[in-house]
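Next come two complexes built around chain A: one with chain B, the other with chain C.
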Partner chain A sequence: MDDIKVNQNPKLGSLDRPNSYIGRSLPRENAKKHLDGGGQFVDDLTLPRMVHVAFLRSPFAHAEIKSINTNNAKKSDGVVDVFTAKEIDEVCKPWIGNLGHLGEMRSPEQTPLAKKIARWQGEPVAVVIADSRAQAEDALELIEVDWAEKEAQVDMETALDSNAVVIHLELGNNLFWTRTVNQGDVEKAFKEADAVVETTLDFARHTGVTLESRGIVADWNKAENKMTIYHNGQAPHMMQHIIAKHLDLNEGLVRIVSRDVGGSFGIKVHVYPDEMAVTAISKKIGRPVKFIADRLESFTTDIHARCHKISGKLGVDKNGKILAMEIDDLSGIGPFSMYPRTSAIETNQVLNLSGAPYVIPNYKAVGTVVFQNKTPMCQYRAVGHPIAVAITEALIDKAAYKIDMDIDKIRKINFIPDNAYPNKCPSGVPLEDLSHEASMDKLLEIMDIKEIEVQKEEDFKKGVLTGHGVISMCEVTNPSPLFYGVGGAHISSQDGAAIRLEGSGAIHLSSSITEQGQGTEAIMKQIAADQLGVKMESVRVTLGDTDATPYGGGTWASRGAGIGGEAVLKAARKLKDNILNIAAAIMQTDKDTLDIEDNNIIRKNGGEGISLQKLAETVYYRGHELPKGTNAELLATASFLIEGIPFVFTNSAMGCQVSIDQDTGIIKINKFWAVEDCGTQINPKLVEEQIRGGVIQGIGGALFEECVYDDQGNMQNATMADYLVPMAYEMPDIIVDHVTTNSGRSIIGAKGAGEAGTGGAPAVIMNAVNNALKQVNAEVVSQPITPEKILKAIGKI
Partner chain B sequence: MKAADFSYHEVVNLQDAIKIKAQDDEAVILAGGQSLLPALNMRLSSPTCLIDISKISGLNEIKIDGQTLFIGALATHSDVMNNKTVKDNMPCMIDILKMVAHPAIRNKGTHGGSIAYGDPAAELPALAVATNAEIIVSGQNGERSINAKEFYLGLFETAINQDEIVVGIKYPLLKQGQKIVFDEVCRRHGDYAMAGLIANIMGSKNDIKDLKLVFFATGDKPDVADKTARLYLDNGYDYDKLKNSLSSEIDFAGDLNSSSEMKLHLATVLIKKVLSKLEN
Partner chain C sequence: MVAKNLVNISFTVNGERFNNVNVPSRQHLADYLRSQGFTGTHLGCEQGACGACTIEMDGKAVRSCLVLASQANGTNLKTVEGFDDEMMEKVKQNFLKHNAFQCGFCSPGMLMTTKEILLNKKKLTRDEIRSEISGNYCRCTGYQSIVDAIEECINEIN
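Right, the complex of A and B next:
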């Protein structure tokens, strides 16, 4: 790192010392590698004797496979073999995407390739193995399938009707999961309320659109009985367990390597049928097998998210105090619940998180999750948050309008006060260390809401509809074992770090947290260097290799900094302690008089010290010089997990201002503000990247992104030209600010910061749009808010 | 997403290209490849033969030719946008090209390719029709010139013969008092429009002597709306009347981002938006 600019005159206490890297916006070294084109992604890997696969995918949303003839395909140039479910099932056992801790889930067995019936357009049915992907695709065209197309259950809203098409006959209907939360007495409270408001919101399906598509190379080594998987996933140890379990392998002999990963957003934390098939093929044919999803496959087989219709009702007294909230959420998840995390979690989070920032004494929430013939749906960035936040904040704005109260005031009088934590969500989920009051105050300060209101009136006179909104939200981060593990999933909630001083004086750190482009490696380095007292450039980091890193969960649910970072901090402190003990022995002084600064052991009271390199040389090469019995351990390990609560929550307040062209229905986000309280920021620049990136994905959900299906269940826009993600021109100025309330669960005090933008932006944009539309007595209730929806709402078409 | 096999001919002169194209009914011209290559990779199209004309020299010339601005078929959008002759003689073309996709695509995509492909949502075919441009094609029987309005026959269908290749476009130079004004409505910057309008105007804001309206992303080809233009000249901007007129004159075809009803509405308001850009 030759570009680090460390403030020479740091003012803050914790930053006021050498090697104080925690809290600094340092550039991340691996960005340079990627700009250089030097990353190592799965598709960069070529192994000797490697073959490629292409999947024949169901062209129908629902169809019986009466027969498959692969004879001609097998004769095609370069083809090694063609498999159907029969061959794959010989080596890979089916799975079931249900967990035990959230009540009955009803997803049936799923196999890598569809047997007898295909249940979504894109479901893999057969696979060609060939010398090149192009040859495999050529042969796909020669596979003859006798399809009998069946009526598809596309619409989630009719999925439970008596005349619905039942997707899994053995279940009798299309219900996957349902949950009811009931706190207090909502009926009574609504009767006592001075004003009751209601709304129903629709959220279209969208997806994660990672820059690098899903990819895997599976390499079965028969001689060693070892399976090596190069995979661009988020949870290597989870995959290690799953692959061993379903392919009947010794788990210790399954190695998962996840080097550079080009974005994940929760898309790459699930078990995909095609990837399991690839692993099975390698086992079967004894050769390395590569599969890289193309963009068409990404759109029809990467998990989708959202797809909710939610009704809500809020009762307030005449002073604006919330008395009760009730929601009823319906979600469609495709034909299977994803394995192993299940597709119940998004709805579960909607129920958990609605109303979370506020005191709501009476709360009722019903969630219903149904099967349908569309691409499977599961957890994507900010799981459930956009729905929970949008329904809560839409209802609060409505209540404010109804009793004629300012939108910021109604929130402030209902917040759980900052000094009232620990506390609970209306749903009963525990909360601690949050700051809605301080965050909203800061937001209003940076937004200058008075000026915005003046401008709104002036714009209206000119025929421009301008509106604004503010919201508050809770963000689920740093999950504990109560998230998945308790339900029977082998997903580690504990993470580990191992840190060592090497003979050269270099520090090597390995962590079970993974890097998907967000800068994990950089913050791990910052923590280690900061805690040890060494220069950043002397720390080398290894991530994403189950043979080389400690065991742990990986990176998802914004857990890297708060859980993995704490493990690194603890390991670094242990190593420092060991080093100082050894140094005390060498320097014949009391350990407490020593410290480490800039890779040197110094005497706090002055006098000559020794370098870490010298110390390491003594330990490794001239150990006989050490006093007998010295504990010369230069490798330290530590683990960390969140205990006692399900999640460490972060909170955020957001505001935005939009203008609407009444002729075209085009919405322009003029400005966006976000105040985040994620506790300690290890690298503020990376936190802001997380928030801005999250907001952009939230803008996608609010205004652009939608997996469009026709009524037969065919996805209509599975290309980057037709599926609209926000691009540079669609990105407004995003002003980010912070309130800092450290998590009391760890020394480092960091909470997650990856979800808020995506979770909150859809709500605040919708509120701002409706604030603008209110001037012409119109409203939109469906996302993405397209120009056509705006024009319909204002009666132009 | 790998293209099916095809034969590939890299030609260095026009005659070779014409010869191969004449011999093979399925031969397709490859210039910038910005529309063709994605279609091949998605196997939406599987021609047996590609003729790569990008190495033919001289086909990217931009010059004044008599009373016209000539743009060679192989000039990329970026070439055109950065060309002084274009800037001096038809600056509106630069503004229009800024709405064509993004720089990476404009660096490869060619002027002739866009004209020949004839995407009904693309800007350049509509510009050619609005300006009464001539499309110069070359074939076994030599060169001929086709008026842009006659060039576009239907959805991706043009008057070009199998043995012919677009070699350039001749845009008549603007006369004194003549202006080309345009606007379009897109979901995102650089996307194909939900509706777009190029107006060819003679006169000034308060004294329009002649008006030609050409819409794109509305129907199956650039849509000329002469009756509606006449109505505007007679009555000024009357939303309902113009909308009625447009609905009788253009067969609006909805797409993923806008229904036919939406397109009709946008086309109508585009008349106001475009003409309000005129200066007095």
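Right, the complex of A and C next:
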């Protein structure tokens, strides 16, 4: 068995016992199927009489659809039918991507297919249903649309100008949502500050680029009035509700099956028009319908993320103590707010989380979210964090430079002390169980800043610009009902687990948390086996099927381990209790003298025990042998949700060192360090891999990824050859270390770990680049930091 | 699909014979293999950029989305379902040990690239391994665990 890497949570019992699996880096045996080609992804599914669809999508960012003629397309080989909004709207009701708890949101109704006006390049307008995808695509070319192209409002910065193109005329302007946070008195504090620094940062749009694209198979069974949806989503019960609601179906007769999912990162948790159309088509024609997005469709219709311009101001006294922070953030979300989570949340998180690690007594934040004619923007891994962390940490570095203080020192004197929790973000959001001081100390220990400083000077003499940065951050994890539910969204914040002992002695576990590769199944198995006292291989897990798992929220916002894992723990403890009660009756002894180890009920004081299999056989097949009145329940269930606070936060400290080639502008990441405090680590290896994968996605946003648009709203790089994602060669090894502060909200003590890397990497990369550029009095303020931007900054072009 | 656009070909997949099958002339090999149930071959971009569909054709790694099915005539193909020899079992164990995949969508292509690296029997540095796999996109892992796994394979096998 692998080394135990973390301090054990005392609530979980000793590690020095059989079947102690929590805290161990065990391999994901269940995932080996992927190495044998045995994954079951949506596109791997073929059903009898299944048809395929291809969507006619708007080639324009903004255009009136004067007429659509589908007659020729309908005659094309293999075509079953061709639908426009008229036919789809007969079966599917429109939706609105607004929630009620964050002030007025102004997104209008959206339908699966655009009706009179198309508002982004890629918006679905018509759909061909055919025997094969190829035939459906052939017929697309025969659909005749009379388009009247309209001027597009592409630039978010002019979206509220008086002469802007108004995207939804009934709204009068392009404002979707705005929020102001005002704590203390920033005006007064800035006047009292010894130094005030300012900056404005730009974050381009990028997107998730899951290697498996979005996909759905909808199968309407008229005889049973049942809709079965095979969907590569993250939140099956949410989809169950939404499909029932908008297609007017009995919710209990909608089944969502999410088997293997090829990456999600938040991209696959939203309701997409084309997927709703597919469901409607199946209802209409009574056949299974498959839609798998091709890569062009992924780039132009998967949600995009970021797209922010943020100004910030920070005031410090001469000792480096922060007195005030002010930010003003603008974000463009495309023409509609996504359903049902809304596209306000990224900006909301920027306002909530800026300055979160620090004591900032005076804080003002303004967020403005506007419509534009681009692909809809919504929540993607580390929602809002990259912007909040980058603006905070850029300002802190600037303040340090201005008052000539070390970048680590200024952070340390401003941290909310580790012993001062519970506490609050500058915005007022509650915080607890965090460790910025200890995490920064550990980061500095593993980084060896002194050595880095020496190298920086030596590199400079050789003409190489080397720089480093350190940052601290908070990560939103384990959300409570105060995140979405309170605003009226049917998104469960409670999750459930059901665990049973079967006649063979095997354990079956089901959970409402889903798997997209993080290792959900593996950690659930570890928790169940650990808490029950059975071997890992005796636990079988079912996830991702609304007919077969308990009800719950699914996987998003880094909630699987902390919420779903706690439900599994509680259910396993209940089942163990039940088993020991039955065993005590069979063995004619006191329950407290018994325990379970390696699938056997043992007498703690020695003497013969019985196996779980024997006990199960007695209960199921020879129940008459049990003493009268024995409660022989071998199925236990439990639920868990976070109460009383909006989120359980995790914290991280990150550092990196970069070198810049002054001739090419190319940035090389020499080293990257991350210290994470996610509380109990159920499987430390999997936590580290979440951090690493997250950091690399953050590096993608910081250095490479951008959805490039021309001024007419045409996406210019919607292919995998043109849109730059992080590939192996450019990426560094990442050194990960941990501080452990368990969450007091649960027995298991786990917080989330999925998004910190993506939230923090853009800030630390940018700070390191600017630390390097400072040697030549240059600076970059725009992500992705391309070689071109570097060369411009240093005056080479 | 009309009959005149069919091409009659013969080939093997993982040793299984496909004799005189008719494939649409415009269909790429990945689509054809998937239609025959070899769903371990994944499609990520269909333009040769992501590497997910990489399979073995007559001993060489090819992007099966860039090869027409008809071009497979007379060849021996191997897909991830057929990677069951001793060396590939070792590779899989190392991928599992290092958690060199998360969602598993890139794994078939990554395994094929690894196989080619190992067949070249060269001792590679971590940077060189990174260069070798730089044609295979993985969104989940950040690549380090994949490099770890391949490094261990090279050490074991060479």
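The criterion applied here is as follows: the second predicted complex is superposed on the first by the 784 of 797 C-alpha atoms of A that agree within 3 Å, B and C clash if a C-alpha of one lies under 4 Å from a C-alpha of the other, contacts with A are read in each partner's own complex, and residues count from 1 in each chain.
Here is the rule we go by: a contact is a pair of C-beta atoms (placed from the backbone, for glycine too) under 8 Å apart; a residue touches a chain by one contact, two chains touch by 3 or more.
Fair warning: this is a prediction, and the values are worked out from it, not measured in the lab.
In the superposed model, A:Ala134 lies in contact with both chain B and chain C. Here chain B and chain C are compared by how many residues of chain A each touches, and C touches more. Legend: residue contacts after superposition of the two complexes on their common chain; A:Leu169 is shown touching neither chain B nor chain C. Contacts of A:Thr786 after superposition on the shared chain: chain B is touched, whereas chain C is not. Using the contact criterion defined above for the overlaid structures, shared-chain residue A:Ala223 touches neither chain B nor chain C, since it reaches no partner. When the shared chain is aligned, chain B and chain C each come close enough to touch A:Arg295.
By the document's definition of touching, of the two partners only chain B reaches A:Asp663; chain C does not. Of the two partner chains, chain C is the only one that A:Gln516 touches; chain B does not reach it.
In the superposed pair of complexes, A:Asp733 makes contact with chain C only, with no contact to chain B. Judged by the touch definition given at the top, the superposed model places A:Thr719 against both chain B and chain C.
With the contact threshold set out at the top, residues 132, 134, 294-295, 719, 721, 726-727, 729 of chain A are in contact with chain B in one structure and with chain C in the other. Contact residues on chain C toward chain A in their complex (touch as defined above): 1-2, 24, 26-27, 34, 38-50, 52, 79-81, 83, 92, 95-97, 99, 101-108, 111, 126-127, 129-131, 133-147.
Listed in rising order, the residues of chain B touching chain A in the complex are 1-5, 38, 42-43, 102, 185, 187-192, 194, 256-259, 261-262, 265-266, 269, 272-273.
Those residues of chain A whose C-beta lies close enough to touch chain B in the complex are 132-134, 137-138, 141, 294-296, 663-664, 666, 704, 708, 716-717, 719, 721-722, 724, 726-727, 729-730, 786-788, 791, 796-797. Residues 27-29, 31-39, 41, 43-44, 77-78, 132, 134-135, 208-213, 260-263, 265, 294-295, 516-519, 685-686, 689, 692-697, 719-721, 725-729, 731, 733-734 of chain A are the ones touching chain C in the complex.
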